[in-house]
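Next come two complexes built around subunit A: one with subunit B, the other with subunit C.
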Partner chain A sequence: MRQILSIATTTVGEAIRRRVLLIILLIGVLFLVVAPGLGVLSARSETVVLRGMMLGIIQLTSAVIAIVLTVYMIPNEIERRTIYTILSKPVQRWQFLIGKYLGAVFSLGLMMALMTAVLVFVFWLQASDQSLAAVGAMVKAPTMYFVQMSLLAAVAIFFSTFVAPLVNFFLTGGMYLLGSLFNPFFQTLQENQGTHPVTKAFAGIVNTILPNFANYNVQNPIINPTQVIQNESRYYLEVTFYGLFYIGILLVAGILIFDRREV
Partner chain B sequence: MRRNNKSNLIGVGVFFLLCAGLLQRLAIYPTWTRDYNKSRTQINTSLDPQQMMFALAGFREMLAGILWVRADAFFDTGNYDAILPIIRLVTLLDPQQIDVYATGMWHIGYNFTDEEQRSDRRYIPSALALGKEGCRQNPETYEMFFETGWMWYHKIDDDYPEAVKYFIEAQQRPDMIPARKNLLMMAYQRNFQIDDALNMGFKLYDDALKRVEEDGASGNKQNRDTLENNIDTMLVRMVQRGYVAEKAGRSTAKYDISPPFDVGFSAKVTVLEPMVLRVEGTWNVRPVGTRVRIVLRDKDYTVVDHGVTKNIGRPAGMDWDFSNDVNLDPPRDKTFMQDQLFVKNTRFNKKIDMSKDPPMYPFTSDKYLIEFYYNPRSAPPHIQDKFGWNGEGMTDKHFLNDKVRPGQKCIYYAMEVPRDAILLHGQYQDKHPVFKTPNYVETKQDYNQDQILLDIPSLRASGK
Partner chain C sequence: MAAAIETKQLTKSYKSRAAGNINVVDNLDLHVEEGEIFGFLGPNGAGKTTTIKMLLGIIYPTSGEGFVLGKEIGDMAVHRLISYLPERPYYYEHMTGLELLKFYGSLFGIYDEAKYRALLEKVNLHRDMTKTISQYSKGMQQRVGLAQSLLNDPKLLFLDEPTGGLDPIAHREIRDLILSFRDEGRTVFISSHELSEVELICDRVAIINKGIIERQGKLTELLHGGRIEITVGGVDEAFLKGLNIPDSNIRGLPVGVLMDMPEEQDPNGIIDAVRNRKGTVISVVPRRKRLEDLFVETVTNPALGGKPSVPPAVAEEIVK
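Then we have the complex of A and B:
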């Protein structure tokens, strides 16, 4: 465990020092700050637009950070040959992989926490309803986004064990886009009476097996508070467990592949 | 890694996959579909990839808002066709933007007109489909139910059970504006649910009294007074129109609806020029306010819905509610003209010119129907005072009909007209074909609108 924590801590330090990540983070924060000014462009209620836009900025920025942070993690270690130094010590490959992943998740958590703090502050300044409940409601979505991004990081770590960073970037990005579409796409197929049963069954299998990022897009009732939601906490718990299970699957698969890989 | 450890890891992975799959299928997906999906129901139109990218990026509300601002500019310039795709796009991106559904529905239903301001009614099924989609996407609020009900009540002005259905749905939503609730009372009357209308009136009045007690704002007082007035008027009408007597099993012979009044309907249609008609006829009701509906439509008004060809035409109308798909392109090969014939001095005489709007009246079929339709449920109150809510006090020797709208008395006549006659082609070239009801009697009196002398009866008992 000590080895894992030590690798994770080092990874956090490296991540914080990476300029490209800091620039992406800075851009995200800047957008969050100017977001209230952009609300006037829209005929829609400014609060609704503000909520939607700020959550969108956090989600998009976090996804870019998660991918950029993770795709280079293991290939860089191999390319710079620093991995030999680490693996020559009493550190197993699986410990290295998990340590790297946890480091990435911690770094991501730190950056997302910063963006969420800015979101809460800006929203508190702008919103007509400044109650703790209203502002607190805004934090729910970033919390779920954090689980989503942790899953995304796991996808990237898994791919990084056997593909080059550039390929990994597009693979992970593609998985994220597809995964975000699964639920609406599956729903459309299920409800469309003209769809062939085989297609429906195939879509059902894909929707069940592949990582489903759409589950974490919980922003709609936050943006439109009139919507009635049943058992919100239970849903959050379910998707968190789903995320943990899936991260587990990806890490196990990653460990198995990385274990056989020649470095 | 040892072989044993590998097997264990694979086992753990498979177990996790099973748990994740079951969780996704049995718990997460059903809840997500119900509570978290941006579109509550399936929309049978997809976004194009660029729009999808924006939607995925989480900026749906922002993009939808900007597009709606753009649509506003098109409203100002009168570029109505350009607004339709924007409406669709905005409702796809942000289905909770109720204003767009409501404005879009109004726009589609009301704003597409010909040179003589007749609505293009081929669009109405699309407007209703948009309204229904708005209801499904926003079931918590009353607005779209009210707007859809209003479309049935005011624009279609027929099929009142549908208006009642939507107004009841709107009433059940807690955010319904009190003054708007009054409309259900009126819709009940048009649907000949008189007891329900009265009960609704009293219920609304009680609620209005409570509101005045809680807050004596002038708006609350005004609504209370309006309801009081409506209930008073309705009670008087219930008595005068013999409704109370009939409910009590007594004779209605001494009430205003007896004996039934013969409206003496007859009509003649002359084709003056290609796609230009002169419609004239008789209607024995002297007070102003009668509007006889005239419809000219394809005899077979067929449309393709989900690959199935449906004949949605029906007497003096169509199956407005035939589709749930928002199709912003109406059937371009179909013709559906609807107008009102205003009765003045017991006659109507109107020139209907469709020649300036060929896209709206393409006349591509061989056979057309010209239909005349009068429904006393849509009549103004002073005429209903004689005819009753449901036509009890109305009759006609030739055209009284209770089949075209089951359970309702109405006046209906349809004449089949070939396309060539309307376009003055073929055998009708250089002629002015005439189509008339069998009872139409020619008169030498000139009833052109400008020359009518109004014979207004005296209100004095002596009649002088």
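Then we have the complex of A and C:
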């Protein structure tokens, strides 16, 4: 366990100093700060637009950070030969991979926490309802986004055990888009009574293989209080466990590949 | 003496579309004894780093077997007793020298600040321990690498080109450190191109070329075959020829006569004979065979291992 924690801590130290990540984070924070100014351009209720825009900024920025942070993680260690000094110590490959993943998730958490703090502060300044409950409700979406980004990081770590960073960038990005946009479509196909059995089976397979990133897009009830998630706490717990289960599968698959890989 | 490293027909092959199966390391039989400094030499691409990686369990052999400190390669228990300094190492640049040792120490469960400081003092970095690695020179990075390799008090150290690209002062510092490892009873396995360095510090060497061990043994035995040059005055060439020294060459010089002969021959007999003849001994110069000569001879000689090796010009370049 100490090896995993040491590797994770070092990964966080490295990640929070990576300029490219800090620039992406800075751009995200800047957009969050100027978002209230952009809200007046919309004809819709300012608060609705502001909430939607700010949550969108956090989600997009976090997704870019998650992908950029993780696709280079393992290849960089191999290219710079830092992996050799680590693996020549009493460190198993699975410990190394898990340590790197946890480090990536901690780093993501830190960066997302910063953006969420800015979101809460800006929202608090702008909102008419400044109650703790109203502000607290805004934090639900970034919390779910964090689970989503942890899942995205696991996808990237899995691919990084056997493909080059550039290919990984497109594969992970593609999976994210497909899992966010098309998974609900395949889910509907699978559940629809009128769907042909073959189509249903195909939709079922795709729906199972493809991580359902859309599960975590919980911004609608926050943006628009007239929409509600039935049994909200249970839903959040279920999708969190779904994410953890999927992350577990991806990490085990990644470990099995990485264990046999020549580095 | 027990073997620190023992390999039996250790082979690593890679598939190539153009050439089929390529044996990067081919039936390697290596024997390194405990407590010695062992030089592992070879031109670029000879299979040195691949061999080290296999011994460390970082890559897997295609066939054959290997034992490090009596355990099969890849055994995690051995990783507590060995250490590795890679060629041109890179460390996390945001860390200070002290933080770097803390990180590597934590991988062993060593949380001893006094030990970290003592190691940094040993490699002469105690005044720079709070500087970040990005502020370290190449030599300092190499020294902090050596410090991290000593954290677990290793019985066996693998050093891949430990003096590569360093200035003469850093060379000397690293060389002295390596010699101190032997005094401490550690086994050191060095892969290097710096033949003069290896010749100074190694007890035994192996020369690998194209994945095959061409020579292996004690340096004193491998460098056997040197010659002695004796220059004398007051006697002629015929007198020296009359001494009937086998495998000797005699030729006249402006200052006298020069005889060169195998180093096994006792020069004292010749010196006495010249003096008895009222001649003078001008000089006696042993011409030792150098490791560089052996290396070039090995990697350029097609008769050794039956393979034409790198062109002589390339081999000379490597030696330089």
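Note that in this section the second predicted complex is superposed on the first by the 249 of 263 C-alpha atoms of A that agree within 3 Å, B and C clash if a C-alpha of one lies under 4 Å from a C-alpha of the other, contacts with A are read in each partner's own complex, and residues count from 1 in each chain.
In this section, a residue touches a chain if its C-beta (ideal position, glycine included) is under 8 Å from a C-beta of that chain, and two chains touch if they have at least 3 such contacts.
Everything quoted here is computed from the prediction, not taken from an experiment.
**Q** In the superposed model built on subunit A, check whether subunit B and subunit C fit or clash.
**A** Overlaying the two structures gives subunit B and subunit C room side by side.
**Q** Should A:75 be classified as contacting the first partner (subunit B), the second (subunit C), both, or neither?
**A** Neither partner.
**Q** I want to verify the contact counts: of subunit B and subunit C, which reaches more residues of subunit A?
**A** It is B that touches the greater number of subunit A residues.
**Q** Touch test for A:86: subunit B only (first), subunit C only (second), both, or neither?
**A** Touch partner of A:86: subunit C, not subunit B.
**Q** Which angle, to the nearest 10 degrees, do you get at the Cα centre of subunit A between the Cα centres of subunit B and subunit C?
**A** Between subunit B and subunit C, as viewed from subunit A: 160 degrees.
**Q** Tell me which partner A:208 touches in the superposition: subunit B (first), subunit C (second), both or neither.
**A** In the superposition, A:208 contacts subunit B only.
**Q** Kindly classify A:173 by the partners it touches after superposition: subunit B alone (first), subunit C alone (second), both, or neither?
**A** In the superposition, A:173 touches no partner, neither subunit B nor subunit C.
**Q** If you stack the two complexes on chain A, which partner ends up touching A:94: first (subunit B), second (subunit C), both, or neither?
**A** Once the two structures are laid over each other on A, A:94 reaches subunit B alone.
**Q** I'd like to know which partner A:194 touches here: subunit B for first, subunit C for second, both or neither.
**A** first
**Q** Minimum Cα separation, subunit B versus subunit C, post-superposition (Å)?
**A** 9
**Q** Where on subunit A do the contacts with subunit B and the contacts with subunit C coincide?
**A** 92.
**Q** Flag every residue of subunit A that touches subunit B in the complex, lowest number first.
**A** Residues 38, 41-44, 48-49, 51-53, 55-57, 59-60, 92-94, 177, 180-181, 183-184, 186-188, 191-192, 194, 204, 207-209, 212, 214-215, 217-221, 223-224, 226-232, 235, 238-239, 241-242, 245-246, 248-249, 252-253, 255-256, 259.
**Q** So in the complex, the part of subunit C that touches subunit A is made up of which residues?
**A** 53, 56-60, 76, 79-80, 82-92, 94-95, 103-104, 106-109, 145, 148, 152, 158
**Q** With touch defined as at the start, can you tell me which subunit A residues reach subunit C in the complex?
**A** 2-3, 5-6, 10, 13-14, 17, 80-82, 84-92, 260, 262-263
**Q** Applying the document's contact rule, which stretches of subunit B touch subunit A when the two form their complex?
**A** My answer: residues 1, 6, 9-10, 12-13, 16-17, 19-21, 23-25, 27-29, 31-39, 41-42, 44, 46, 52, 56-62, 64-66, 68-69, 72, 94, 96-97, 99, 140-141, 306-307.
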